[in-house]
Amino acid sequence: MRRIDIFEQAIDPDALRRGLFNEAAGALVTFEGWIRNHNEGREVRALDYEVYTPLALSEGQRILDAVANDIPILAAHAVHRSGSLQLGGCAVWVGVVSAHRDEAFRACRAIIDQIKLDLPIWKKEYYVEGDSGWVNCERCASHGSHPGHAHT
Amino acid sequence: MRRIDIFEQAIDPDALRRGLFNEAAGALVTFEGWIRNHNEGREVRALDYEVYTPLALSEGQRILDAVANDIPILAAHAVHRSGSLQLGGCAVWVGVVSAHRDEAFRACRAIIDQIKLDLPIWKKEYYVEGDSGWVNCERCASHGSHPGHAHT
Amino acid sequence: MTRLTVRYFALFRERAGIDQEQLTTEATTALELFHSLAHRHQTDDPRGHCKVAINDVMADWDSPLHDNDIVLLFPPVAGG
Amino acid sequence: MTRLTVRYFALFRERAGIDQEQLTTEATTALELFHSLAHRHQTDDPRGHCKVAINDVMADWDSPLHDNDIVLLFPPVAGG
């Protein structure tokens, strides 16, 4: 299985990990991204994810296939939320199973790294102070501030 | 929290991951080691883990403390089974939470690598053909065969 | 002149005040189109941090435009 | 002469046919003790793949032995 989904409802990590069971698998590595209570020095109270689903699914599948072609794994599943999340909510889940642990660790890391860089997903943070802002991607943050970034 | 446990009963990964929840955490990385149906070319039907618990706990705590001193994480929990496991059973679970994902990935990997090298735990495999054998550690396998290794 | 549909996402949609529009443009590439729409998205050079897709396929900023293309303008992504 | 308790684990226990024994030894280090018990564990040089603990603390093979020590002999570990 190499699969990506966009969920409008809560992610159930336990159901997802059970879906990856495989008798030939010796290792499962999972990554969960949680909504934490701070980002770049601001106190966060909630988030909205906007997802352009058709391209998120096709780009996600391309990422999973590329990683699986590069690293020998048995299965990989990635799920990203859309819509509103509260503090502590699970925004993204990635699970990889393989015969040995090295492959599962490397593939899980490669998949989440590429998801964050490539999928058409945007995050609007709502701050404790009452304002909100669109969050820049990590690649863009390395460019410093640019005209497309403003807290609104 | 930095904690290691030896469980005589089944590991519940979902309960363990919920125990790591932290409002400052943005990333959870987990590793699960499963009993797979083959090892070094033999078909495996079951395993017994022998654990010398007093030193497994003290060595495990030393590993967790060393990793947490090296990598900024918020919490880590490791659990290893003792006793009999069937195919597909979860033999070991490691979970790490941190603000950002890089630390959780690196710390989780470092913890499971050290657990496999340092904890006084031995694994006896029972093969489909009816025989059994003690499994060598990974470090030892790199020494090639040695007098202490024999399938019995 | 090329007749297109342009769709705005996230920050770009908020700034433009519209989800999408149909327009006729003298632009021949995605980059030229982006610059011609600066009054909508209020962003200078998109290369390196913004993305563009044409007809639901990721594209380069120097991709040519054709009649009836649907051009998707993506501000910096932030999944995960 | 030093009076000790020796405990055998996993493969060593199976080969020795006993969990533990009390003995008096001329060995002055853990390595010398290990070699003197080759009839039990049937293993040559333990360094690099076998471990030893003394009184529930991991030890080196050149650690000295003292009266009433409890010496734990560990064949190659295989956790995970």
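Every chain is named by a letter (A, B, C and D) in the order it is written, and numbering of its residues begins at 1.
Quick note on the criterion: contacts are C-beta pairs under 8 Å (C-beta built on N, C-alpha and C of every residue); 3 or more make two chains touch, one makes a residue touch a chain.
Fair warning: this is a prediction, and the values are worked out from it, not measured in the lab.
Novice: Average the CA atoms of each chain to get its centre, and name the chain whose centre is farthest from that of chain B.
Specialist: Relative to chain B, the chain whose C-alpha centre sits farthest away is C.
Novice: Averaging only over C-alpha atoms, locate the centres of chain A and chain D and give their separation in whole Å.
Specialist: 49
Novice: Averaged over CA atoms, how far is the centre of chain B from the centre of chain D? Could you give it in whole Å?
Specialist: Once rounded, the distance between the two centres reads 25 Å.
Novice: Centroid from C-alpha atoms only, then distance chain C to chain D, rounded to Å. What do you get?
Specialist: Taking the average C-alpha coordinate of chain C and of chain D, the gap between them is 72 Å.
Novice: Using the touch rule from the top of the page, what residues of chain C touch 2 or more other chains?
Specialist: Residues 80 of chain C each touch two or more of the other chains.
Novice: Two or more other chains touching the same residue: where does that happen in chain A?
Specialist: 33, 101, 112 - these are the residues of chain A that touch more than one other chain.
Novice: When you check every pair of chains, which ones turn out to touch?
Specialist: A-B, A-C, B-D
Novice: For the complex, give me every residue of chain A touching chain B.
Specialist: 13-14, 17, 21, 23-38, 87-88, 97, 99, 101, 104-105, 108-109, 112
Novice: Looking at the complex, which residues from chain C come into contact with chain A?
Specialist: Residues 9-11, 14, 41-44, 46, 48-51, 53, 56-58, 72, 74-80 of chain C touch chain A in their complex.
Novice: Mind listing the chain B positions that touch chain D in their complex?
Specialist: 33, 49-52, 54-56, 58-59, 80, 91-92, 112, 115-124, 134-137, 139-140, 143, 146-150, 152
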